[in-house]
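Next come two complexes, and both contain subunit A; in the first it sits with subunit B, in the second with subunit C.
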Partner chain A sequence: MIDLDKLRNTAAETVSRDDVKHLVGWKKGTFGYRVAPCVIENAEEAESLVFSPLCAANLATYITLPEKLPVPKGEQPDDRKTALMVKGCDSRAVVQMLVEQGIDRDQVVIIGCSCQGVVDLQKVEEKFPEPLDTVEAEWKEDKIVFKLPDGEEEVARDEVLADNCLICRYPNPVIADVSLGSEVEPAKDGEDSSVKEIEDLSLDDRWEFWEKEFSNCIRCYSCRNVCPMCYCDDCVMDRLNPAWIYRSVNYSENTVFNLSRAFHLVGRCVDCGECERVCPMGLPLGKLNRKLAREVREKYEYEPGLDPEEKPFQASYRPDDQEDFIL
Partner chain B sequence: MSDKFEPNIVAFLCNWCSYAGADLAGTSRIQYPYNIKVIRVMCTGRVNPLYILNALQQGADGVLVSGCHPGDCHYMEGNMFARRRLGLMKDLMEFVGVDPRRFQMSWVSASEPNKWKEVVEKLVEETRELGPFEQFQRNMINW
Partner chain C sequence: MSEKILNKDKWSDFVSNVASSKQVWTMTGDDTVTFTPCAEAEEAPGKVLNATVPPKNVVFPQTETLFRFMFGQLEAELPEEAQEAVVLGLRPCDARAMNIVDDLFSWDEEDTYYQDKRQKTTLVGLACNEPGINCFCTSLEGSPASTEGLDVIMADLGEKYYLQAITDKGDKLLADVSGQLEDASDNDKKAFQELAEAAEGKIKRGIDASGIPEGLPNLWEHELWQKVSEACLGCGACTYLCPTCHCFDIQDELEGFKGRRCRMWDSCMYGEYTLHASGHNPRPTRRERTRNRINHKYNYYVEKFDKIACVGCGRCINQCPVNIDILNILSKVKEAL
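Right, the complex of A and B next:
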């Protein structure tokens, strides 16, 4: 549990530093359970920041978002830092960007917030339909308290937490300039049992399951746009020549799109659950990511986003990598 | 024309080992099935996993990626990267329900034409059992 005053003070202090351009944090949304990411540029605005179980957005995406306009002749580029509020998973995304040299360490100021898990809005809305007024929420031991317009409601954490938070291995930021909140215990069981369930199905049943899911995809690319690890300037999904993946929405292209999206995250996915959260069609994208993350962890003993000094997974190898599948 | 299904297999062969191995099989007059369509690449490390999906999309019934034995790579370590990358691609394809026999990898050196023959025969036989690939093949309109 993080003291909000302390968080706002830290944010105000950070954002008033000379070498910090802006700070990205969460603020109260305009209705219901919504919490919106916000960019603040001066200390007064820090009063609007919040940190609650509703802060699901992964702000690490925002480091690579600003457009870098050409600097006019004779002017110095604005190389002030971006301050960022991160949860455990977001901090791993930042580390993974450092590993891939997507960003420099002196480009960001990281305010780490220990996180006890964020809620899945669908699960919450099943219990309490979304009201028009803004709702606040907070962690209270192993419960989450929602301050609804008609009184407070308490729910057990396990009932409303997002799937990836239920199996969270790293609730505490792995990298931070300022840490807030006390250490949080990681989940006891870090494995996703639903991945195992799919693996136990026969090949045909698995395909039936995934074909149905993939055929729902409307190719809005939300999963790609929200992903902190998808920051390539030139994305293969947008490329028209060669067009590896056609833009038509049919099961063939959808399958290949989803497979290659998942594959581009091999050894990089930090399981922040953003792709699954933003998917308007509710595709279980997290299952694909977690399956691959588990293979990487078990077969190759590699876990992304922990050590900034490590080499990227796909750009390294070990002589004793498994090769029992090779003829 | 017979109705018997003849598989269509796309093979990505590395220039330095497997392609030379397949070449040697040819010059040594070792017969191997003609179902295989060879695409020469400079190294297996150059094979983008997307190529495999794309080959399957465009009508291949099976895909083979073949390169140098570990340690023999002309570029020192290209096949090591391929082993990691394509091994995981195979896991992913299996997870969504594509038969793992649709995509195979092999190490065939320039002096192993007999191994090349065995690999191709095995592959063609397996793919023939599996039948045509229809899971996410592109449906081209026949004008």
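Right, the complex of A and C next:
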């Protein structure tokens, strides 16, 4: 648990610094279980910040999301820092951006928040349908307490946590300028058993599984836009000439889109689960990413987003890399 | 106009009966629900509040071939004409949305692709007994049992559905598939009216839209746009899932010497949407794009067609990954007026 007053004070102090432009945090949403990412610019606004099991959004995305407009003649670019609150997975995304030199370390001020896992709204809604009134939630030992309009309800954490949180290996921020909250134990079993379930299917069944899922994709690009590691200025999906991937929404093009994205994330995905959370069509994208992350971990002993001094996975050839699986 | 009763245990026979002469679209799927063509339906509608993706794809497919061509040949091959179709169990808000969008597709030129399908489609709506937490149709001239845009309205009376034809097209459909139908009594009609009234009382959210269309132009440079768009990811979820959003792009897709010109849904929330060939972008940030989304629905469309292009279905609120809430934006607009 993180003391909210401490969090707000830290945020207020940080955002008041001359070298900080704004701070990205979480605030209460407009209804039900929702929490919204927010950008605050002064100490007063820090009062609206929250940190709870509902704070699923990975704020690392907001470092690179703002569009860079041309600076008017005679004016200097605003190069003040972005401060942001990070959970364990969010912090790994920041580290991975540093590894890739997508951002500079002095561009960000990181407020690390130890995290006991965020909830999967669908799992919560199955237990308690979403009310109109805003609901607060908090961690309490191995439970999560929801303050519903009709009173408090306690649920075992494991029953409502997001799939990626159930197997979280890094609940504590791996990089931070200020750290809040006491250390959280990582999950005992860091493997996603549902990946194994798909691997155990026959080739035809696996094909059928993904064909059904990819056919549902509406190509709204929520997964791409929410992904902290999808920060290219010019995305290949938006290219028209040549159009590497047609915009037609059908199984074939959708498969190319989803697989291209998965392969662009090999050795980069930090398993924050955002792609899966935001997908309006419920595609199990995490399974794809976790499968590839496991391959990288087991075959190359590489885990992304842990050490800013590390080389990117695809640029880190080692003579002692395993070779037994190469054809 | 005829009024009928359909017992729920005859639902699948009813669907098969309709499907024998027309293409039938119903809600399918468990967690994410879409309208898809089906020959038979096992489950009677009404279990889910609404489809994740609205049924606009029946008349305005996400990807639609306009014509096919071959390099070196001057003649283009047109797609086949649309089939007669029936959409079963769409919600009144989505039918109203089609009515609103109809104006756009017959404005300067008749859009034959859209109109052909629209004219051949019969809409059989299902009134909402239990509106969702973010439904606000009553703020926008709709209601949980609105018949606007529908050919037939159905109401869930527990063990049976009450069906009322609204248009001649709907009347004809009910006459064609009379096998499973019985005549409705005055009590059935009364039960429907009571349910409709009760449902209206269950709508919790809303906005008084008066003054918004006229007021929006004065708020062009207002700071609220920066504030309401700061969390926006710039994805297309709100627009693709919106029953009135109708923007499309037209692209040529090639395969060897064969090609097709097709149109596909586009989203004004994408940066690429307004990107000029020169590299200039008149809507360079999410601020301008969010402002445009609201202005298009609540200002431009009203100016052009005298209708607000929003039906209050609540999808954009429910599905936004970062809680951008159109009612929250509109109340900020009202405050700023």
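Please note the rule applied: the second predicted complex is superposed on the first by the 319 of 327 C-alpha atoms of A that agree within 3 Å, B and C clash if a C-alpha of one lies under 4 Å from a C-alpha of the other, contacts with A are read in each partner's own complex, and residues count from 1 in each chain.
We adopt the following convention: a residue touches a chain if its C-beta (ideal position, glycine included) is under 8 Å from a C-beta of that chain, and two chains touch if they have at least 3 such contacts.
Here the structure is a predicted model, which means the values were calculated and not measured.
A.B. asks: Can A:Ile218 be said to touch subunit B (first), subunit C (second), both, or neither?
C.D. replies: So A:Ile218 only meets subunit C here.
A.B. asks: Looking at the overlay, does A:Glu295 come into contact with subunit B only (first), subunit C only (second), both, or neither?
C.D. replies: A:Glu295: touches subunit B, not subunit C.
A.B. asks: Go through the superposed model and pick first if A:Leu69 touches only subunit B, second if only subunit C, both, or neither.
C.D. replies: second
A.B. asks: Once the structures are superposed on A, label A:Ala36 by its partner contacts, choosing first (subunit B), second (subunit C), both or neither.
C.D. replies: A:Ala36 contacts subunit C only, not subunit B.
A.B. asks: Just to be sure I read the superposition right, which of the two partners does A:Asn250 touch: subunit B = first, subunit C = second, or both, or neither?
C.D. replies: A:Asn250: touches subunit B and subunit C.
A.B. asks: Looking at the overlay, does A:Val278 come into contact with subunit B only (first), subunit C only (second), both, or neither?
C.D. replies: second
A.B. asks: With both complexes superposed on chain A, which partner does A:Thr61 reach: first (subunit B), second (subunit C), both or neither?
C.D. replies: second
A.B. asks: Considering only the touch criterion stated at the top, classify A:Gln122 as touching first (subunit B), second (subunit C), both, or neither.
C.D. replies: second
A.B. asks: Across the two complexes, find the residues of subunit A that touch subunit B and also touch subunit C.
C.D. replies: 246, 250
A.B. asks: Could you list, by residue number, the parts of subunit C that touch subunit A in their complex?
C.D. replies: 29, 31-32, 34, 52-53, 62-63, 133-134, 204-205, 230-231, 233-237, 240-241, 249, 251, 253, 262, 264-265, 267, 270-272, 284-286, 317, 319, 321-325, 327-328
A.B. asks: Which residues, counting only subunit A, touch subunit C once they are in their complex?
C.D. replies: Per the touch definition, subunit A meets subunit C at residues 29-32, 34-39, 57, 61, 65-67, 69, 122, 130-132, 216, 218-222, 224-226, 238, 240, 243, 246-250, 274, 277-278, 280-282.
A.B. asks: Mind pulling up the subunit A residues that touch subunit B in the complex?
C.D. replies: Contacts found on subunit A: 198-199, 203-211, 236, 244-246, 250-253, 255-256, 259-260, 262-263, 266, 288, 291-292, 295-296, 299-300, 313-315, 317, 319, 321-323, 325-327.
A.B. asks: Quick one: which bits of subunit B touch subunit A in the complex? Just the residue numbers, please.
C.D. replies: Against subunit A, the touching part of subunit B is residues 49-50, 53-54, 57, 70, 77, 80-81, 83-85, 87-100, 104-107, 119, 122, 135-139.
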